[in-house]
Amino acid sequence: MIHQLISKLDKHQRIEHAQAHCDIPCGIYDPITAQIAAVTVVRMLDLMTDLEAKGGEKGKDYQNTLSRYIAVKEEHAEKAKAEIRIIWGDYIKPPHVEKFPELHGLAHQIMMLGSKTRQTTDRQAALDLVEAINKFAEIFWETKGITTKRAKAPYAPALEVVYPVL
Amino acid sequence: MIHQLISKLDKHQRIEHAQAHCDIPCGIYDPITAQIAAVTVVRMLDLMTDLEAKGGEKGKDYQNTLSRYIAVKEEHAEKAKAEIRIIWGDYIKPPHVEKFPELHGLAHQIMMLGSKTRQTTDRQAALDLVEAINKFAEIFWETKGITTKRAKAPYAPALEVVYPVL
Amino acid sequence: MIHQLISKLDKHQRIEHAQAHCDIPCGIYDPITAQIAAVTVVRMLDLMTDLEAKGGEKGKDYQNTLSRYIAVKEEHAEKAKAEIRIIWGDYIKPPHVEKFPELHGLAHQIMMLGSKTRQTTDRQAALDLVEAINKFAEIFWETKGITTKRAKAPYAPALEVVYPVL
Amino acid sequence: MIHQLISKLDKHQRIEHAQAHCDIPCGIYDPITAQIAAVTVVRMLDLMTDLEAKGGEKGKDYQNTLSRYIAVKEEHAEKAKAEIRIIWGDYIKPPHVEKFPELHGLAHQIMMLGSKTRQTTDRQAALDLVEAINKFAEIFWETKGITTKRAKAPYAPALEVVYPVL
Amino acid sequence: MIHQLISKLDKHQRIEHAQAHCDIPCGIYDPITAQIAAVTVVRMLDLMTDLEAKGGEKGKDYQNTLSRYIAVKEEHAEKAKAEIRIIWGDYIKPPHVEKFPELHGLAHQIMMLGSKTRQTTDRQAALDLVEAINKFAEIFWETKGITTKRAKAPYAPALEVVYPVL
Amino acid sequence: MIHQLISKLDKHQRIEHAQAHCDIPCGIYDPITAQIAAVTVVRMLDLMTDLEAKGGEKGKDYQNTLSRYIAVKEEHAEKAKAEIRIIWGDYIKPPHVEKFPELHGLAHQIMMLGSKTRQTTDRQAALDLVEAINKFAEIFWETKGITTKRAKAPYAPALEVVYPVL
């Protein structure tokens, strides 16, 4: 019964989007905001590690700084998820999924990795988040017929980020 | 290469979640907030239709009321999407997707329908949104081993909503 | 002089609401969102107690987890207050208060208890919050002529929650 | 049974607050933010009236301006309600209510008037909101032993606002 | 080339504002919200110092209280910056800057001090923030032809705040 | 007296930042989010013009679409302002202002243009906003020793945007 609903909805959507591709100009979507957010998550983890390494007294200054790093990490992990959800939910249509069948699983991975970087201080999870969003960005730009390159982001920790070639 | 990433990430996640099911108690997820939000979208469309039907002069009172209906519609369509994204992205794990392979497509439909109810005044799209979220709720409760029923929501427009049997 | 204002305002409102009951269909109010939020506050306190009990090193992982529990507790205590304020301030009218004269005091208790659960880690205050909101829900559904029941919520800590019988 | 809960909660709270008055310094509460917000609601209504009076073509410029006035009106009516809710729910304690028994009713009036100014373009309702919040401010400052005066606010529409004498 | 843009923009703006001063009534701007926010930052630092001084066990209660003080400090430091940015960016026009050439530098100081009070627990920085915003308030009221006085704020820590004489 | 405060604050800040440049790694700032936001403002104005040009009946569908364009315009104009304020207020320090004395005036122009694009439907103001933020981006990247180029943004209306050469 669920399958019926989906195929009914699918048909409904397909028709809409066939029209959509003719009549309505595309919106402004850019995965760079999600990519910056994911890089920021790694950065916050590095600052947390540095802070802990300094050791010393764990008074209110330490707490003030640590709680700010945690809050910024939370905010950017969530932002990365939200931005990808918008592109996936608003821009990606069934024809894109047909061409790139990995898209749903990749979007889901990004959600799970985003949550993991909130719940833990696992740097590898944050690097995986950056990479998964890079992959998403590559597909996104490919759907628009724009080639991409990888370059080091111009801020610490200088991770590789996917950019469109403009 | 993307497939490799996903399968690598998958493996990574699987292990994590095997542990997760042992060590960490489940969170509090409840699709009812998304369901109320979707019902509210239909309600706003009905109020917009009523307002337009009254006709008469379209002065600032009319605009004040209409713009509030539109804004509430926007807000609740977005809330429905956000709440489903949270359950899909934070609670749903690969084993759930294996058991209910329609989950990714259904979550994606909800995003598209949510956006359509924002972009248009199409009542059928809003009804489809309510129904798609009902379906999602049925699967969600099934994953928790809780049976569900359908009952009329205790507010206009008295649509059928899926509830857990408690 | 204040009493004069109130009685003047009262009269003003009464007339409005006599009309309101004829002309405008009721909105969609549901205390369940406040109830879920209050239950979440108890849940966070339980997770905080578990975390502290584990003892061990209080490094950045501990802080990351604890600060997330605190933030979610804050957010949901505030959400519980906000949702009740909306029903109390937007749905409840003088005739309801005449019939249920305890409503103002109950709403005020909910505000105070909500704040107490933010300011402290007192589990009893959080249980009192759940119960006070359950009472509010019972009155609310009674004003709509809908009977209620109590059932264990389908998530930890499985507290009793008031539900409408649909 | 509800009365029992309230009196039980009351007792619980009283003890807490007897302690609270000894141990914890008072927070920073100031009704001026609610007062400015309420005055802004009147201001927006005046600008809406001016705009409509200009007549002329109702194209996108007109809509852009009108929808901004409506949105600012919404935002400030809601802000006025939220600020009063905070003072009423966080600062006002049962002993204050004993001394000023009109407080609950007055807070409820402010919520209703705030909602009315969102739902309509009724200038009198907005003036009533300003006045009800002025009354609330007078009581608030009296609980702190600070006398008040009334003066014209230094911005249009130059309504009388209650200020503490400092 | 940048200078050319600015002078081009300047000319463009000047003309607009010459018209603006004739045609559009002034908005409702009041630096008091920024001033209250800055005072709150000092207050939070004092409460953090008190809490730390109590010493004792640093369990979840301590963390709950400390993290709330830090969060409120963050929020109000940011609010102070945002409110000043609004007055500086929306109300202050080139003719004001000509008359008070220190305005840009003062606004920039407020941004930097606001950030410093977020990043550190330096009480002097918070006092400097209060004072810089007081200065901004003096200029603001002077541009409106309203004289000001200084009085102790009616809440701890009873700092001197600039008020308009009404 | 104000000048004294500023020079006192200045000295205070200078010392801090001399230290800051040794001890604390730079944050992640990127003007691209402001640039995307400004381009979105132009896009919304174009969509508003297209919608109006279609003419026809101005019922609830028209209002739904128009009010969404206006709201997105509002949101992105404000976002552009907020993002520039963050870079200007948090990253830009007195030594940068000494080297680029136009920075304060440019930041102020961006605030005024951002407000103008909210208040009006003037496309030229939106183009000026894009250009002013492009200028700001050029200076920003220059302070980091990174060269820039101009390229057409990969979405309508394909305006020239400043990008770092990576």
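Per-chain residue numbering starts at 1, and chain names A, B, C, D, E and F are given in the order in which the chains are listed.
Methods note: a contact is a pair of C-beta atoms (placed from the backbone, for glycine too) under 8 Å apart; a residue touches a chain by one contact, two chains touch by 3 or more.
All figures in this text were calculated on a predicted structure; none of them were measured in a lab.
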Quiz item: Fewest touch steps from chain E to chain F?
Solution: 1
Practice problem: Tally the contacting C-beta pairs at the B-C interface and at the B-D interface, and name the larger one. | Solution: B-C
Quiz item: With chain centres defined as C-alpha means, what is the inter-centre distance between chain D and chain F in Å?
Solution: 34
Quiz item: Between chain A and chain F, what is the gap in Å from one C-alpha centre to the other?
Solution: 23
Self-check item: Whole-Å separation of chain centres (CA-atom averages), chain C against chain F
Solution: 41
Self-check item: Distance from the mean Cα position of chain D to that of chain C, given in whole angstrom
Solution: 21
Quiz item: Which parts of chain D, given as residue numbers and ranges, touch two or more other chains?
Solution: 63, 67, 71
Quiz prompt | Touch-based graph of the chains, sorted into line, ring, star, complete or other | solution = other
Quiz item: Between which chains is there touch?
Solution: A-B, A-C, A-E, A-F, B-C, B-D, B-F, C-D, C-E, D-E, D-F, E-F
Quiz item: Inside the complex, what are the residues of chain C that reach chain D?
Solution: 2-3, 5-6, 9-10, 12-13, 16, 81, 85, 88-90, 92-93, 97, 102, 104-106, 108-109, 111-116, 128, 131-132, 135, 138-139
Quiz prompt | chain C to chain A touching residues, read off their complex | solution = 59-61, 63-65, 67-68, 71
Quiz item: For chain C, which residues count as touching chain E in their complex?
Solution: 48-49, 51-52, 63, 66-67, 70-71, 73-74, 118-121
Exercise. Spell out the part of chain A that touches chain F in their complex, as residue ranges.
Key: 25-30, 32-33, 36, 39-40, 43, 47, 141, 144, 146, 151-156, 163-164, 166
